[in-house]
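Handing you a structure now.
Every chain is named by a letter (A, B, C, D, E and F) in the order it is written, and numbering of its residues begins at 1.
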Amino acid sequence: MYWSSWDAFWAMGGHAFFVWMSFGALFLALAVELVLLRVRRNRALGDIEEERELEAEN
Amino acid sequence: MNWFYFSSPSTFYGLAGRLAPWLFALAAVTAAWGLYLGLLVAPTDAQQGEVYRVIFIHVPTAWMSMFLYFVMACYCGLTLVFNTRLSAMMARAIAPTGALFTAVALWTGSFWGKPTWGTYWVWDARLTSELVLLFLYFGFIALSNAFEDPRRGDRAAALLAIIGVVNLPIIYFSVQWWNTLHQGSSVSFKGTSMHVTMLTGMLVMSFSAWFYAAGAALVRVRSIILERERRAHWVRELKEG
Amino acid sequence: MTEGRAALEVRDIACRRGPALLFSKLDFDVFPGELLCVRGPNGCGKTTLLRCVTGLTRPDAGRITWLGQSVPEDPARFRGDIAYGGHLPGLKDDLTTEENLEFSLRLRDVAVDRDAIARALAAVGLEKRRRLPARRLSAGQRRRIGLARLALDPALLWILDEPLTALDDAGQAHFVELLDRHLARGGLALVATHHNLLPPSGKVRELRIAG
Amino acid sequence: MSAPSRGTYSGGFAWAMARDLRLAWRHPDEIILTLAFFALVASLFPLGIGAEPQLLARIGPGVIWVGALLAAFLALPGIFATDFIDGSLEQMTLSPHPPLGWAAGKIAAHWIISGLPLTLMSPLIGLQYGLTGDTLLVEALSLALGTPILSLLGGACAALALGARGGGMLLALLALPLFVPVLIFGAGAAEAQATGLAPTPHLSLLAAALIAALVGVPAAVVAAVRISVD
Amino acid sequence: MSAPSRGTYSGGFAWAMARDLRLAWRHPDEIILTLAFFALVASLFPLGIGAEPQLLARIGPGVIWVGALLAAFLALPGIFATDFIDGSLEQMTLSPHPPLGWAAGKIAAHWIISGLPLTLMSPLIGLQYGLTGDTLLVEALSLALGTPILSLLGGACAALALGARGGGMLLALLALPLFVPVLIFGAGAAEAQATGLAPTPHLSLLAAALIAALVGVPAAVVAAVRISVD
Amino acid sequence: MTEGRAALEVRDIACRRGPALLFSKLDFDVFPGELLCVRGPNGCGKTTLLRCVTGLTRPDAGRITWLGQSVPEDPARFRGDIAYGGHLPGLKDDLTTEENLEFSLRLRDVAVDRDAIARALAAVGLEKRRRLPARRLSAGQRRRIGLARLALDPALLWILDEPLTALDDAGQAHFVELLDRHLARGGLALVATHHNLLPPSGKVRELRIAG
């Protein structure tokens, strides 16, 4: 372990803003993508359902 | 292995479904290991101080942004030459993740640039060509969705992706061809100028990014297959079962 | 309603295009319950005449009177009373069949409910294409949206240019039926066409423009 | 047979807004494309001119305004031209709703689709050019006041250019000179702020111009549409 | 009944050139409009950013290139889009002439109508920005080499975007990023000359790119047209 | 010419649009001297079928053979042999009538002399509109340029979508005459139409697509 304390870790030698903005953005972006993937999958499954109903209707 | 067996969307749908969880798991494990090395173990950089730790996500995402474009263009080549359906779907599935990594590379680069270069943005060749890459991804996504008929979108976007491949060498070699602020390659076949822990951390993070990208692309391609093959028999049976 | 006297009176109308005089000193009336067919060879000026009557094109001479009142004096009232269907369909390719119909009725300030729209679309055989963007429709299906609009629009005067284009036999029969109902209710129609239009109960007159 | 409708201003306005926004919403990617275009044009300049930070900060406000202006310009055909080609404009002029209503509605929808997102996006581009805090704010404010003027003037020009040959180019020649004063005051505001002067004179001039345009332009648009359908 | 024709490359090329030039000639004002647009964009800048002579001379080459690029971009729909809308493109793909011929002819005509006049006009704009002798020459030379590349790349993108929703904006998103390298080298040449360096490396890169584009792009255009009429 | 055996053979062609299967397993032949009328209600897929045959649209399945040779093997040859007239006219509004005709013939690689063009235009009644830009022409006059083109193009196979739209009686008669001459010379025609086409001397068959 390189750091002396967790506080030192979070402070990142005074560059906390830049480091955590970078890491934060990455994880936020990944989270958003994962949510969007889920949404898209649910929508695709829903569309199939709808299609089937339409077909039953005709 | 019989490639043709898996190149049918219905069989690939199953294969992708089985692979994706493993890929995500591997991505999580390697990410944990890489972050541990990068954030907790690796020593500070003599010149830059702690900001340099951005390297552990900047470089993997930057590499991935180019690599994914390359893979996408290969699938596009298959689409145009053999008119295979699955390859076009894979290209569509990769594009958003590629764009995401490109955007993150730009973002992390900017936040690294502010403390080291004193500015968020400069218009040098490396940064600009990376921005162009982002626009190429956007163009690909927009064009592939701009047609009523998805097959037409596939082919048009495939052609665009292939034309855009010219940009990749420009990004990669820009630091050599032009005088740029951005630093040149420090990882090369001749050996590297980096601390071993840093290098390991970066490579582990790169693998993690690769696993993640593959997993995300496979999950997305499953949705795309469902959207496209909505009316196929096997999709119907899929839900009924 | 001013039964007995002409609702639309057109007097002394003239139009030239470049060196060609298309028509001049043309007089005609249309009475309630009457269909006036404008006929003549290609390029004789039927489209131009209809556009002059609506006010889209400015004639070189002529007076138009609607319900006893000169049109330029109260154009808004005249516009409220006419339904025009020209060579161009006025459909948005990106809107669905349903949306196209709904917006074109709202533009005519006709109050519409969803059921009436659904019924009108079913009557022209578009119930299964309700949600399809208009760009995907066939030539005849696009025209049928226009028929559905006519069925729902209470306008008194129909001004139609080649309404039978691209329609199949069933579609043509449907149009004649709509027209007949319109005339029976005391409506007027001014129609340019190369087809023979014979609404069973309406009065039909012809206006011939020389070629 | 029921009494004929005479239409209303608000009916026409609501109709046009609802329809044009629905059309835009059908393809939300188009709005993103407008933004992408804005970003692209703004990035062309540093590439062409070179990238010294002082120079960029100096030309930043101007470039952002030029980008916004060109993006607003490219969206102009959406106001009337497409409706002219497919015959919708004919139907509109024959509608009982008075033209002032729907013409204003179409222009308002155009601003919501093009000017508003541009305004919201401008701070991001400003950052790339190294503009700072207050300057960014003034720039966004000047765009918020200026882009509606662009939509109004552009709408009038688009209506005039309908059916004329030469399409986009003619429109450019008509619209861009009219846009110039807006550009001067708009870019001037941010620049004044950047150089430590008060931006208020520029901004109040823009506001005055906006009010004048709101009052005067819609009537001009109506006249232009009348001429074009003939 | 005579033997069917199989068409020729040269026949298609000549047909497309003759037709598109005839169409342009029918409205020579459009070429003037292209030039006017170029002049306008170039003059917007001094208005947007103020008119100090050194600053202007500094940004001159870049602004001229950006203006030329935007003008060439605005003329793009003329290559394929109008033919697509009125059904001519269908007839072309059903013609016995091989598509490579007429596609190349259309692109060549586009360059003659847009790129060539821009190149010839550039020295005039350069003078306005206070550029001098050799720089003007290098600027014109770089445009002469660069604008054909713009026409070629733009043609490919225009063909790709046919029938797509999103019109001009989509085209911008596709074409402008590809134009960027051309812009960098083109503006770089004149700037190098202005700052006393040799412009030859930039110019030879442009020439190489032009040759590559001439060889590669027409085939891509044909592929794109095929995809679009489908 | 391969008299006696079908010049155009279409086998097992299928096309779906969205959820709708327009047609499938459709087989037909066209013999020299024969007219095949494609018929069916609006939206049944006539236009789509014609576009599939020309190659403008990719069918979902099917093989097309022209003069004994599969079309994909030698598409250039097939393209040299067909004259296609679709819903879109392919006219440039800014070119004159004459120029439009001339360029569309040169595109088909047909050698033309000015006299022949003048005569063909006179035959369709456009001699006085020779120098008029196409945008000024009436709907029917625009269509008549297409008739003049057919008269001058030696293509073996005509593929026409609604060729009678907007034509007046004289125009329709003129088209039937042209078609008859074409068939008499051993030409083939594949025509989608809602009108009744009865060329006096040609053989006519019908292909019905269910709605």
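Here is the rule we go by: contacts are C-beta pairs under 8 Å (C-beta built on N, C-alpha and C of every residue); 3 or more make two chains touch, one makes a residue touch a chain.
Predicted model, so just to flag it, every value in this text is computed and none were measured.
Participant: Farthest from chain D in C-alpha centre terms, which chain would that be?
Facilitator: Of all the other chains, the one whose centre lies farthest from chain D is F.
Participant: Quick one: which chain's Cα centre is the longest way from chain E's?
Facilitator: Using the mean of the C-alpha atoms as each chain's centre, the farthest one from chain E is C.
Participant: Can you check whether chain D and chain E touch via the same residue numbers (shared by over half) or via different ones?
Facilitator: Comparing the two copies, chain D and chain E contact each other through largely the same residue numbers, since over half are shared.
Participant: Counting only C-beta pairs in contact, which chains form the busiest pair?
Facilitator: After counting contacts between each pair of chains, the winner is D-E.
Participant: Suppose each chain is reduced to the average of its Cα coordinates; what separation in Å results between chain B and chain E?
Facilitator: Computed from C-alpha means, the inter-chain centre distance equals 32 Å.
Participant: What's the distance between the Cα centroids of chain D and chain E, rounded to whole Å?
Facilitator: That pair's centroid distance is 26 Å.
Participant: Determine the centre-to-centre distance between chain A and chain D, using the mean Cα coordinates as centres, and give it in whole Å.
Facilitator: Centres of chain A and chain D (C-alpha means) sit 35 Å apart.
Participant: Where the centres are mean C-alpha positions, what is the separation of chain A from chain E, in Å?
Facilitator: 42
Participant: Can you list every residue of chain D that touches 2 or more other chains, as numbers and ranges?
Facilitator: In chain D, 27, 29, 33, 36, 40, 43, 47, 50, 165 touch at least two other chains.
Participant: If I count partner chains per residue in chain F, which residues reach a count of at least 2?
Facilitator: Answer for chain F, listing residues that touch two or more other chains: 19, 58, 87, 94.
Participant: Residues of chain B that touch two or more other chains: which are they?
Facilitator: 128, 135, 138, 142, 146, 231
Participant: So in the complex, which bits of chain B are touching chain E?
Facilitator: Where chain B meets chain E, its residues are 80, 125, 128, 132, 135-136, 138-139, 142-143, 146-147, 149, 152, 155-156, 159-160, 163-164, 167, 170.
Participant: Chain F touches which residues of chain E in the complex?
Facilitator: Within the complex, chain E touches chain F at residues 1-2, 4-8, 11, 15, 18-19, 22-23, 26-27, 86-88, 90-98, 229-230.
Participant: Spell out the part of chain B that touches chain C in their complex, as residue ranges.
Facilitator: So the residues of chain B in touch with chain C come to 148.
Participant: Going by the contact rule at the top, pick out the chain F residues touching chain C in the complex.
Facilitator: Residues 17-18, 20, 40-43, 45-47, 87, 125, 128-129, 132, 136-141, 143-144, 162, 165-171, 194.
Participant: Which of the residues in chain B come into contact with chain A in the complex?
Facilitator: 39-44, 49-51, 53-54, 57-58, 61, 96-97, 100, 103-104, 107-108, 111-112, 114-115, 212, 216, 219-220, 222-223, 226-227, 230-231, 235-236, 239
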